[in-house]
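Heads up, the next two complexes both have subunit A, just with different partners, subunit B and then subunit C.
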Partner chain A sequence: MRPILLSGHERALTQIKYNRDGDLLFSVSKDQQICVWFAHNGERLGTYHGHQGAIWTIDVDPTSTILASGSADNTIRLWEIKTGRLLKTWDFPTAVKRVEFSEDGSKLLGVTEKRMGHLGTIVVLDIKLDVDAEQSDEKAMTIVCEDSKATVAGWSYLSKYIIAGHEDGSVSQFDGKNGDLLYNIPIHELNQPITDLQWSHDRTYFITASKDKTSKLITAKDLEVLKTYPADTPLNSATITRKKDFVILGGGQAAMDVTTTSARQGKFEARFYHKIFESEIGRVRGHFGPLNTVAADPTGKSYASGGEDGYVRIHHFDKGYFDFMYEVERERQNKLNQQQQQTISA
Partner chain B sequence: MAPSFDHLRDEDLDEDDFDVDEVDISDIREKYEVQLEQGYDAFVVVDGLPEVNEEQKPKLVKFLLKKLNTVGKTREDLIFMPMGEDGKSLRFAFVEYSSPAEAAAACRQLDLVPLDKKHTLRVNKLTDVDRYGREGRIDDEYTPPKIEEFQEKEHLRSFMADPSGRGRDQFVMFRGESVGVFWNNEKDTPENIVDRQHWTETFVQWSPLGTYLTSVHAQGVQLWGGPSWTRQRRFAHPFVNLVAFSPNEKYLVTWSNRPISIPEEGHPALSVEDDGKNYVIWDIETSKPLRSFAQLDTPAAAEGEAPKKAPKFPWPAFKWSADDKYVARLNPGQSISVYELPRMNLLDKTAIKIEGVVDFDWAPATVQRDGVKSYEQLFCFWTPEIGSNPARVGLMSIPSKQVVRSLNLFSVSDAKLHWQSEGAYLCVKVDRHSKSKKSQATTLEIFRVKEKGVPVEVVDTIKDTVINFAWEPKGDRFVIITTTEPVGATAVPPKTSVAFFCPEKAKGNAVGNFKHLRTLEKKNSNAIYWSPKGRFVVVATVANTQSSDLDFYDLDFEGEKPESDKDLTANLQLMNTADHYGVTDVEWDPSGRFVATWASAWKHSMENGYHLYDFKGEQLREEAIEKFKQFQWRPRPATLLSKEEQKAIRRNLREYSRIFEQEDAERISSADVAVVEARRRLLEEWFAWREAIRQEVAEEREIYGLPADPVADLIKAKTPELATDQEEQVIEEIMEEVLEETEEIVQ
Partner chain C sequence: MCETAALIFRVSKTIFAPHSNIQKFPPPKNGGENCPGFSNLSPTKNRRQTSATSTHRDDNPRPFQSSTAPITRRAEPAESKQPHTVKMAAVQQKHDWADDDELEETSTELPPPQKITNKDGSTTIIEYRLNDNGQKVKTTRRIRYITHREVVNPRVAERKSWTKFGLSVKDGAGPAPDTTSVGENIIFKPSFNWRQDAKDESKDPNAQAMKDKLKDKKVKCRICNGEHFTARCPYKDTMAPIGEAGAAADVAASAADEAAAASQGAAGAGKKGSYVPPALRGAGGAAAAGERMGGKYGERDDLATLRVTNVSEMAEEQELRDMFERFGRVTRVFLAKDRDTGLAKGFAFISFADRSDAVKACAKMDGFGFRHLILRVEFAKKAA
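And now, the complex of A and B:
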């Protein structure tokens, strides 16, 4: 598994995202750049200019038409992917830490920072998936987080719920239509912030990463913790792979938390866990700073990680990865194959 | 309001109105009267004497005097033995000592001491007799003391019986604030036996035979044990810092850097006499203090010399003979004080004066020297060169205090004493300097203690400085670590060499001369850990930021022996090398089957946790635990099997191991089955849940009238728009996959 090293950023990566087809990889960093890369060879397709501050977050709509980004310059911007044209800018009183499109791309949510007397909020914007259409200035909805600010948020299946992870380690479920708080459940250790929230392909369950050194798999419907993946280092990001039932966690001791950080001590590795059995399968080294963000290719062929060291590494899986199976998994596979053959022959 | 001067009435000033003598102050007097020193504090009453007449009386007094003078000073004329009207003694005597302290010592040390077969002395202070024995203080009628009903205590050795019947060992782990005891489960998660938060304040320690777990608190030391881990003993030594047991768990030494201060209202265990002391020696059985000691004053640096750094307090300060009969303390440069247990009196009432003595050590086992029939315990000591006298290593026999062997040495800069575990050998590692004092070299002077006349063999083939030495337990081989430069403050510690020594083959039961077996150079190793059963040794690099190797050696390798070693009694083989980053400590389990290594948060905060290896160096487990502080195997008492029984087991080892292997295999396979079962269940649960949620979402979509795939339509809508813009393109990708490759050589 030879990685492709993308060295287009000058500062720490904040988020990376594949598009739905898995052919493009978008990356944002504190150096105010948005880059888009071909996932299969790491060639840079282009950049999107305009932000005046560190960019915290990015998302791409399901049709790979429009790109949304949120930045420390207190704006959410929409871009045309094909041309790099800036389509729209929304201004907010504080930095935008997270943006995410709903499953059909008709809505965009943004998480704003709590700062300077402003409470943290989750805003919802209506989006027209047309590069020539006029986007609405008005926010469709605003949810104010009074207790603990939201650090991450996302849309569930059917855009039915908005799920938010909070700084105090809890997870909230809001009604996707009117923004009512339905549940708030302490999931991670108290006051250990949730650093990432990524969806399964059908958005019925999601994975969280937290500074409490664990990652959890949670249902969207009733916030039930299905699985827990323990690590030995604070986690910054977690993602769910397609094709194989794995999850990938990334993190590492931040340089400011240790006196001398060697690569060994910092534990700057991407960790693979079996999604169902919760057991660790392997680690991938390479970064020489904490992993800030990991993303899995929606087609299951590769994954990428972005680090504090300013590099993005794309890894294309090789045959051993796809062949690897637990005994019980193989057993089940064989059973399914047999049934299939029987139905065919019948 | 209290009357002030202005308000005072005349009556108040007039003192003549009442007679002072008339006021009854007896109650107040009784309460507050100061107990004046009545001069009787130096008196004791000796009871339990035989009945004698006037003629026999001087004889008895003389005999008694001998006893009495062991603890203090008194004279014949200071013993008053009252005689009855019938001319016979009343079986008691008053004795005056020269000081109250001596009287107190007499009460402590002579009370209940047998005078002869029939008579036992009872010694009490006169003031005590007066205080407690005064009329009315004692009920005239005898009420028998209530004897508590016998309560069965828990078996303190129950830990030897592993409930799983596998003879596993226990260990204690101290991590964060909690202390837990576990069964070692090799590769599997250790089985927890007990886990308590804040069980100890500073550290935990097993007693030498594994009976008790020691916890250390500001108030003192507590011992825990038995199957329910209840408190067994308590030793209230305030602000205790360190604890040491005697080898047979009979006594305990506690030390605090802070001198004991007994509060006004008294102390539950200690008395006023312990005030200002630092060490307390306790009897474990009764939990009572035997004697306390103050810290020795460190000798002031001689004038002209640069003031030395305050020397660390040597620990253990009190060293025990192998049978708990004696305990000794070094007074550096002057003497060694040997105390007899259980009375804790100084042997022959004087410390053994040895001018210049630097260090001493007891033989770790009771040694039977060739041709010596009487009971003895041995210790060795060494003195440096003083003036024109050479440095000297001596072997002293206790209780006779005779130096049974001594050895003179020249140009010695330092010496270290290393006993072999059975006391059969004593190796004195002597660091010598050349005349110019520039270069250093080490020789090993090995005393063969059990052989006639204690011959000394010298190993002087070592060119470098020896920084570490270790005897094989119960064996006669040893490992040393040498380095070229003296260890100083350098950024990178110099490379070291590890050298193995063993005796030559000799006829009969004799042990041949010690010969160099092999040296391994360019190592970083700095620590030697022998298996408690001998044969295997781990040579490690601990507490080193650059390197952390663990080398596992076998000295009786069963494979082919190199020709050059054919006359030697060892066959060295490196079995495995492991690496445990940041390792700070290594410990073998008492059975010699496993080795635990750990990185303690006391030393650094990197990758704290422990690793577990088998004796071959194969890693069984590794666990990273935050704030991991301490790991300690629970020691086992010596086996109860006789030599013959042990031999029989060794002979039939094949039989036993066959059974055990079978058991192991069964257990592992059943565990495997359990794991597979659990996985199968997890997998089924997962797919069942996935199917349920998939259907639910699909139904919901239908209800809302949404398409089954939320994006398909959007993409479809987008694609024709793209297609109309430009000519249709066909992108062909040819994927080639090599299914099989065969190579045939055609001739």
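And now, the complex of A and C:
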């Protein structure tokens, strides 16, 4: 496969995100701009201007009309995707590290940083999915993280829970309606921050990435660890692919440690693991720095990665990728095919 | 439902240097801003396509696949064996320094573009334009439109017609070369025994067993009781092994010695204490995945390696490196030193990355005075 290199950013990427149809790819970086690209050929559709600081996070609503971004200039902003128009700005006391729309797009959560005497919080905002509607200034809900600040958070299926990953390696489950803390379970090693949390397509389970060099597949309902994917480097991002039962992990030596480590290469590769068998099945190299973010195309045809080197690389998979199956998977597939033929003939 | 079209480009390009009849054919270039994959997305083509199909531009999910296609620089018959490949159109022209002296005012008259419809249904378009150097560039493209239908989500199709905004507002249709490029081909084949293929060191059972074995052993010299192997002892030549005093420690120390030797050699080979030549050490062992000294350099190294003799005893590797770095990138400096005294033995080897640098250095540094001695520099002879 020939990756498409997107060089629209001048500084390290912080997050990339596909929209639900998989045709648009949004990227944000520390250079204060948001880019949107056509995923199939890497053409840039436009940029969104207005943020005054590094942008940490981005999310797109399920209908691909509104974009939300959170930045180190202490704001969450809403944008009209089609035109790049700024719709709304919410101010916060500290930087916003993560935003995410709920499954139906009616709510937006934001994770704010713990700094300058302010505790880390998770705020929930009501969103009207209409570019001309007046958005409410009021926060619908605020969850204060007293023990350890949240680094990532997301909405589970039906917006029932808010799941948050913390700096101390634990994962919390909050009630999506009233914000009550239901569980807080130490999942990753103590004091190894969780760096990413991405959902399966139905939002019943999610994958976390952590600096403790592992990634875990966890259910949303009772925070049960289903699978663990060990890596040999601190991880920055993890994602679940569609069509094939794989997960993609991205990481690498932290940029500040690169010169002090002896490794011949900094392990700047995207790692593919089988989602069910937990074994590593391959790596894709290409970035010059650690991978800060990876995202899988919801249609399963491609994946993209954003690195500390400022590049986004979109990879459209080859046939070999789709053909790959474990022996047991192949047997099952054959059996299913046979059954199908029998029912047709009968 | 919407329609898309794949194109075939056959390109011939001729540069007319001003005031000369020489036709220059630029060398084919791969990658870079002239990346051939963009041909099917070049602005004019795309617009043509959209107007023809009026739904959306291009839904080829792997638009850059064709960039491996060879560049054709002569007009060829349009019959193509691979009707779906897209031949490149390198429209931009590399600046050639040889043309600089010919840069003068030229007439800006350009022949009008021609459009010929061929018998087989393809179209030949011949266009002329001036490039940055004032040269006339003739671009011949053979295009065939093949329409294939593909079902696309209507929302996706609608988004493809959106106008660009922000920094991309001035970009034409298709990917802009300043923001989008195509990387090198990556071969990615998932495989369930990926780890075995990669020979992961930590999973190697032999290395792991040896590590466990040596975990609670300490290295002890039989001569001086220091923490090194007996063979490495600085007093090896001057002192005999400790007799009665060290006898108790002897057994443990020798066991450790042997184990260490085995770990250096073919780990777990079963032949304890047998000599393993350095070249074979580490085969299958912990060092298997590691680099071997010299392996990286090999034959190439001999060509750009200088032998420096009559070097002062006090010389340091870094000093030599600094001296020779002036002539080019130095890949390796080896200064022979006496193992016991640490003083230089009087000769050194300097490897350059580039042979031409080595030639320069050889000429300049031969006879150079360094620390009261006159250096002799010559090319190293191939090792016997």
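Here is the rule we use: the second predicted complex is superposed on the first by the 334 of 346 C-alpha atoms of A that agree within 3 Å, B and C clash if a C-alpha of one lies under 4 Å from a C-alpha of the other, contacts with A are read in each partner's own complex, and residues count from 1 in each chain.
What we mean here is this: contacts are C-beta pairs under 8 Å (C-beta built on N, C-alpha and C of every residue); 3 or more make two chains touch, one makes a residue touch a chain.
The model shown is predicted, which means the values in this text are computed figures rather than measured ones.
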Query - Fit or clash between subunit C and subunit B when superposed on subunit A - result: clash
Query raised in the report: Of the partners subunit B and subunit C, which touch A:97 in the superposed model: first, second, both, neither?
Result: neither
Query raised in the report: Is A:88 in contact with subunit B, with subunit C, with both, or with neither (first, second, both, neither)?
Result: neither
Query - subunit B versus subunit C as contact partner of A:77, first or second or both or neither - result: neither
Query - subunit B versus subunit C as contact partner of A:202, first or second or both or neither - result: first
Query raised in the report: Which holds for A:17: it touches subunit B only (first), subunit C only (second), both, or neither?
Result: neither
Query - subunit B versus subunit C as contact partner of A:157, first or second or both or neither - result: first
Query raised in the report: With the two structures laid over each other on chain A, which partner does A:45 touch: subunit B (first), subunit C (second), both, or neither?
Result: second
Report task. Please determine whether it is subunit B or subunit C that touches the greater number of subunit A residues. Result -> C
Report task. Figure out whether A:326 sits in contact with subunit B (first) or subunit C (second), or with both, or with neither. Result -> both
Report summary line: Superposing both complexes on chain A puts subunit C into subunit B at one of 130-138, 220-228 or 364-372, namely 220-228
Query raised in the report: Overlap of the subunit B and subunit C footprints on subunit A, residue-wise?
Result: 264, 277, 326
Query raised in the report: Which positions of subunit A touch subunit B when the two form their complex?
Result: 20, 62-63, 65, 103-105, 129, 157-158, 160, 202, 204-205, 219, 221, 226, 232, 245, 264-265, 276-277, 326-329, 331-332
Query raised in the report: Where on subunit B is subunit A touching in the complex?
Result: 581, 606-607, 624, 676, 679-680, 682-683, 686-687, 689, 693-694, 697, 700-701, 704, 706, 710-711, 714-715, 718
Requested in this report: Please give the residue numbers of subunit A that touch subunit C in the complex, ascending.
Outcome: 1-8, 21, 23-24, 33, 37-38, 40-49, 64, 82-84, 246, 264, 272, 274, 277, 279-286, 301-302, 313, 315-318, 320-321, 324, 326
Requested in this report: Show which residues of subunit C lie in contact with subunit A when the two form their complex.
Outcome: 37, 41, 58-65, 67, 153, 155-156, 159-160, 162, 164-169, 171, 174-176, 178-186, 188-192, 194-195, 291
